[in-house]
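Naming follows writing order (A, B, C and D), and every chain is counted from residue 1.
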Amino acid sequence: MTKRRKRVVVPGLAALAVVAVLLSAYTGATQQPDTVIKDRGSWGYSAGSSPQGRSPIQPIAFPHPTHVQTLGMNCLYCHFSANKSPDPGMPAVGTCMGCHLVIGPNRPAMNGRPARKSEGIATLQKYWAQKKPVPWVRIHHVPDYVNFAHMPHINAGVTCQTCHGQVQQMNRVYQYASLNMGWCINCHVGNVNPKWKARYDCSVCHY
Amino acid sequence: MSENPTPSGVRRREFLKILGAGGVATAAIGCSSDRVEKLIPYLNHPDETVPMVSNYYASTCRECSAGCGVLLETRDGRTFKLEGNPDHPLNRGALCARGQAAVQGLYNPDRYRGPMMRNASGRLVPTTWDAALKLLAQKLGAVQGSGRAGSALFLNRHESGSFPAFLDEWLAAYGMPAHLSVDPLADNAVIAANRQSYGVSWPWLAFSAARLIVSIGADFLDAWGANVPQQLEFADARARLADAPRFVYVGPRRSLTGCNADQWIACRPGSELAIANALSGRGSLDDAATASDVPVATLQALKAELTGTRPPLVLSGVAAGDAMELALVVNELNKQLGAVGTTVLPDRAITSFDGIATDADVNAAIDAMRAGQVPLLMIRGANPVFTTPRYVAVADALKKVPFKVSFSSYPDETAELCDLVLPDHHAIESWGDAQPMANVISVQQPGMAPVYDTRQTADVLITLAKANPGIASKFAAPNYMRWLIDRYPGGSTAFTLALEKGVGTGAVAASPAPRRPAVTPKAATPIGQTAGDMYLVVYPSAALGDGSGANKPWLQEFPDPVTKICWQSWVEINQQTAVKLGVDTGDILRVETAQGAVEAPAYVFMGIHKDTVAIPFGLGHTAYGRYAAGIGVNPGDVLPAGFDAKSGAFAWTATKATVTKTGAYTPIVTTEGSARQHGRGIAQALTVQELADLAAGREKEKVEAMPGMPNTEYLPGLRSPMAADAQGVVSSDIKHKEQGMYSPDHWSGMAKRRWAMTVDLARCTGCQACVTACYAENNIPTVAAPYQEVHTAFLHGVAGGNILKGREMNWIRLERYWEGGEDGGDFEARFVPMLCQHCGNAPCEPVCPVYATYHSPDGLNVQVYNRCVGTRYCSNNCPYKVRYFNWFGYGEPARPQYAWPERLSWQLNPDVTVRGKGVMEKCSFCVQRIREAEHRAKAEGRAVRPDEFTTSCAQACPSRAITFGDAADNDWTVAKLALDQRGYHVFQEQLNTFPAVVYLKKVNHPAPAASAGA
Amino acid sequence: MQGIVGVFRELDATVDAVHALKKLRAGNIDIYTPAPRHELEHILTHRASIVRLYTLIGGLAGATFGYWIPIWISDYWPLVVGGKPVPSWVPYTIISFELMVLIGSLATVAGLFITARIPRITMTVGYDERFSNANFGVWVECPPDKQADVTETLKQHGATEVRGER
Amino acid sequence: MATVTRPDEDVLRLGPNIPHANIQLPGVAEYEQVTREIQRTLYPTKLWFAGLSFAILCMLIGAATWAWQVYMGLGVAGYSPPVMWGVYIVTFVFWVGIGHAGTLISAILYLFRAGFRTTIYRCAEAMTVFAIMTAGLFPILHLGRPWKFFWLIPYPSWRLIWPQFKSPLVWDVFAILTYLTVSSTFLYIGLLPDFAALRDAEPRPLRKHIYGVLSLGWRNSELEWRHFARAYLFLAAFSTPLVLSVHSTVSFDFAMADTPGWHATLFAPYFVAGAIFSGIGMVFTIIIPIRRWFHLKHYVTLNHLDAAAKLCLFTSLVVGTAYLTEFFIGWIGGNSIEQSYWWNRVFGQWWWAAWVMLTCNCVLPLTLFVQKLRRNTTWLFTLSIFINLGMWFERFVIFDPSLSHEFEPWQWTRYAPTYVDWAILLGSFGWFTMWFMLFIKNFPVVAISEVKEIVPPRLRTPHPVEGIEVTGMHLEFEPETPGERD
């Protein structure tokens, strides 16, 4: 009966092939473990086409935690137009220098903390001296056929952290969300927070 | 670029918003753009700006002499759109096509990047400002030293306001005579006549007060006078429907103005004076009839109507040897008929044209050059080499001038001949003011930092003066802006206030210098006595004006409102004459006069007298950049330099010509398919009589459409089935459509809206300002520049090749249909703007295989560019044919068809995606403006207010024919207009498409006898 | 698995031989023929082929799937096109039909393969190249003790060659 | 030899089922001859290599032109809006139509038990598969963004934005893919026994091995034959409605649109008839040279061609009727837009195309009423070329004049294809011919086992009823009609 067994092989292989093909369509579904968003709602989507988790080196290692947590600055202090414009606004070098003219790179030892030299502030002051803007590297990026506006989101009460993650804790900012369309829709249909429901037909963002 | 976050899969769909030509340019201006991977912040943030939010700077348009008020929409350091200033008394928020195209002059790829100097080998080469100014100062010194300063010459493109005064002050300081203010388009004869009759150069023409308008060759809707205010007045007059004035146009050629007339009386060129005399009773009707080849009866009827109607408005605007005499007769006639004070308002005069030098003066100056009397020539803006007849040989005359300085921003024919070029700022980059009307100052402020290394001429002159110890004291102000503010009535506070509105009150500084001694111009020989078999009419092109518009692709691709031809010159010839000569449209004709000959394709046209041929002026540049050079022919080459002896106005219509068929042929580059409606009811009209019957419900309206069409009772519910259902207008046999967002009860409430538009054909004059506005707002590529052709042995490489294949991208187009006239008699022109109708039952939607187009709950027919795969099925299925396909990579800098070469891309609207190769696009009802308004309302925690915003076309329309809004909300104007009894939908009867665009029928005013009969 | 195979040149001879063998009750008989012949089909009285069941099931499955997919996806993205119902069954009938044909046919082929036990990796015993050309073959699976009689019968009815296989 | 014994009673009652009244293939004596003569055709010749290389050359020209088009954009083709569909869609429908005759002959005529199909159906069927393969290219290469064609296929994706299933184009995708799958399956199943026969008859070891693999271990056992017959029957039963549905679906691309000249309920049957008509034309174009060069005249006999020609004539009449109906309805419908469009199509701007179509499809085929011409292979071949031309023009006339003369007079236009359109059209013929060339020298162009079914088997004793002798073949060869030259 050896022949009979051999015969079985072929359909078996075929079946395996079919399964493999179907699965391969979802191969993109793997994500960086550290940046997986918990609640996907009913919208199965993958971050395969997304640079999620990307965390490039910036010209100045800007410490968000120091500014936000230690000094308690508000996001809108630097990203001043997030609530009144599609664009959140990058702080002008002048804005930084507003403080850092006073707060120099060399901090003397004071109330128990040792003296320290801050590379970042030094670099910043170099840029300011040369009257050059700081060439920050863009992290969060949507394709240009997507018209994303910050203003309505902020005004709807969506927190910065919802999409950008706990930036106040990131020593180097990384792309928190996949920024895929499925991810946007997931929130627009109210899966993340029913209060944030918004219209989700194509012409809201694509025009 | 390793850190580009977009994966290659996304990168391949490269139809990105090309904000700035590459990262460097963007970085230079600052703030973020999507193309650059770097986020470049400002160094110091300007206080009044918010990134990605537009600022509107009130300024003044300098494209023609009128001086309309504009708002410069500026974002992130770039002015990318011009809109009319609603607070401006002259143009009341409207703006013509030429004005809107100013941005393409600002970012023009062929602008001088900096000062140029002629080197030893005689070529213009870039130089530094210091070197250039040093050279000029030295030359000025030399001229002064030689004591010939008195015969130096400064030609300035005419603009009203303080600059002429400033200039004359400066010239006087150097001991030079007052400058010549050049405007080739100005009707010197009428201006002179008006001064004589009314004491003002251009009285306000109150069309809406008139009951009868008779225009003898005055093209007040084309380039005659201040066309935007005139068009506003005329449209308002026509909007009075039954009470609107009847309009009779007398002239050899039916211009756009003529096309808006109820009656066209075709006369021979040169016979206008005789007609005017006959009408005013000075001359006999019979002489007029014989001279003008018009039936006596017609003139008789017109005279009777003229004398019988109060108040009339008679205008004359011929450019012939007897122009001033004619204008005087007409003014006299107006006085007789009591028009002055009612329809002609000298006390509300337009002062924009004050101080224009007559053509004769310019000609005299040129003669002086030829005689070698001019030691130094300075030219700003003017381009005499192009605008004066070729045989005057300005080029040769210039050669006799030892040193020539041009302040032109563009490499035009004149600048190319100069020894030194000190490029001026574009108007959008410079300070200034204008005096469009008495006691009205229209201020001009820059919208952005200079694009190139240019300097405003006034500042250059001040710098020179300061460098000159002798006169430095006369110019204390550090720059022209300060100078303006010092002279400004009310000082800096008033000036600042004026800057906010764009207009202030008062009078600008007047020129101290005495006027030049009047010259006695060479009188033109009466046209009848010139040699040739056909009268030659040369008229300024509607889009290109005096040719200064020819370097702007929008204006080149702007189809002529009457003939619909673009990127080409043409010879208009009458139908019967064409049959006689065996000429067909496209046959190249040779038009020869004593001065020379031009060759251009024939355009067989009903609207021109049978003894006449006409050629538009403005094309045929030999320089002036990639968009202008080598396109078309310049009819100026064949004109004699004859003048109206009284006024010194140049006689454009001065000679006959011999017209012969060369046998060659070239296809006419036109956007016109069939010029007849074939009874399909696309552009519908009513006579006054029918309108009255309709109002009284006496007669069910007569609709021009095919048999078997139902009535138009659906009009109140022009809403789509969904929207109608949302308001319970339609009982719900369509409940099954109430899914999610489409349900009126849906939390988003989107289905409660229905964005819609009405187009009032009674107002529309077919000027096509809306077309250019749409190009500007929606990043529409121009497709027919010579360099955009595919140059192969198989495809023609002529300019306009893509338009020959019907590939123009005008999302909104003006269709011009002829009615009647097959027998060679009078005919009617109907204009209908055709754009995406945003149908409720859109035929284009169900055929798209990928949901790239669908119906949004608020009634938009949405086109999702990034979803489109380019099957083009939607276009096949669109009965209105308003969908446009990207046949080439117009948005891809790497492709030869790139539509926005270096710096033109700075004009792109950041809110609108630039479409890529192989994608379908169409009118979106300016969805970006809708979203912006919604976002603004949300930010302010309110609903969108009625009429809070409008589309680009509606905003620009100088006839106020287009209204946009939410038809489902009766507080919006559009909702009321949509119910007008003149309203109709195109093709609704045949196709049940439920369009969102309602057209209001045009109203015709037949001759009294005819209307009585009707 | 052992038996006798007989090679015939003529059709009627084959038929006679099979009849004789059936009388002999020697064992399972199978016939090889270059082209299907009704005579042979009738002699070996088998049940009708069950391929049609595969066809039926495949077709029904395809039709159902063809309706389900579009309707499900329309409700997933409820976008109105051309004022038509979001899930509209009329156009989806075409999808359904095409999928019925597609899956039905593939199921039929699968049915053929399974019932006819192909594809085979190796030839079974008793097969002879001539059978695909012009000759008929009769395969009798029989124990050694019966082989003599079978061989005799085959020869008797005109087998051009008879050989034992194992 | 052993002594002969009479068969039993039941055998006599049955009697060997031998084709009698209509002997199909007088020129074919016995089973060996079939195998031998078909296998003989599988030896490549110089002429064949020449033809193949020429086909490949044409294909490469087309491919290169397409690459250029993809780089530059569709503008290099002759599209002039609103004529948004041009030569590509015309050619697409043309090739789909070509495919249909194959399925008609192999499936529908199989159900109708039409005898003359047996020898020509293999070629026709192969033609179907390759024609569909060719047609399938065009919807992709006419796309503005061809690299996105897969958005028309409901593949599993995270966005789950799938095709818009109300669009006729999506119906097309399903119809064409189904048609391709089913018809190629049908072809392969039919080939199985032939592969087996070749496996056993082939002397060349490599081919022998390949045919062995392809035959999937087919061994001509009675069991296999029984299931095979049943499965083949059901496949035929499926293909029959399929072939009707596919071209109906293709016709919906146009009938579902509101374009005057497209929007007609007549389209489905009209397109199907046209498709079969054009397909039979193509069958003639293919089979006549093959039967001559492969010396298969006694398989594909003049009787077969005659019968096929009658079918061709019939479909031609159907198509002609459809044309007349269209014109008539366009006129009597009283819809001025339709009327003006029809006038423009037949007597206006596009008269030449319309009359080429009418001449080739309605006038010339009438000659087939004459039997002499039906049996004259030279004339049949010439006519088939005209039919192909005419049917291409039929599609051209239906599509482009309609688009160039629509509702909006302002957008009336002209249309002229450019070298790009023509090069890609040429490329499609190269592509098709390449596959067919490869087919005819590697696969049996005549179905071996099915031919054997209609060739009387060798008998030991004369048939009791028919009195056919043992030696098998006996009637003399049917004389050729003078029309056919060798």
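In this section, a contact is a pair of C-beta atoms (placed from the backbone, for glycine too) under 8 Å apart; a residue touches a chain by one contact, two chains touch by 3 or more.
Every value quoted in this text rests on a predicted model; they were computed, and no experiment measured them.
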Chain closest to the middle, measuring from C-alpha centroids that were averaged per chain: B
Between A-B and B-C, the pair joined by more C-beta contacts: A-B
Subunit B-subunit C separation of Cα centroids, rounded to whole Å: 80
Subunit A and subunit D: spacing of chain centres that average the CA atoms, whole Å: 57
Inter-chain centre distance, subunit A versus subunit B - centres from mean C-alpha coordinates, in Å: 47
Mean-CA-position distance for subunit D and subunit C (Å): 28
Set of subunit D residues in contact with two or more other chains: 160-161, 164, 166, 170
Junction residues of subunit A, two or more chains touched: 201-202
Subunit B: positions in contact with at least two other chains: 13, 741, 843, 846, 848, 851, 854, 857, 867
Residues of subunit B defined as touching subunit A within the complex: 3, 5-7, 9-10, 13, 15-17, 27, 30-32, 34-45, 50-53, 741, 747-748, 750, 851, 854, 856-857, 860, 862, 864-867, 911-913, 924, 927-928, 931, 934-935, 938-939, 941
Subunit C - residues contacting subunit B, complex: 75, 77-86
In the complex with subunit B, residue positions of subunit A that touch it: 49, 51, 54, 56, 81, 83-87, 89-95, 131-139, 141-145, 147, 149, 151-152, 155-156, 175, 197-204, 206-207
Residues on subunit B engaged by subunit C in the complex (per definition of touch): 720-722, 734, 736-737, 739-742, 840-846, 848, 851, 853-855, 857, 994
Touching residues (chain side subunit D, partner subunit C) in the complex: 1-5, 7-8, 10-11, 14, 16-17, 30-32, 35, 154, 160-162, 164-166, 170-171, 174-175, 177-178, 181-182, 185-186, 189, 192-193, 196-197, 199-201, 216-231, 234-235, 238-239, 241-242, 245, 249, 252, 449-450, 452-453, 457-461, 470
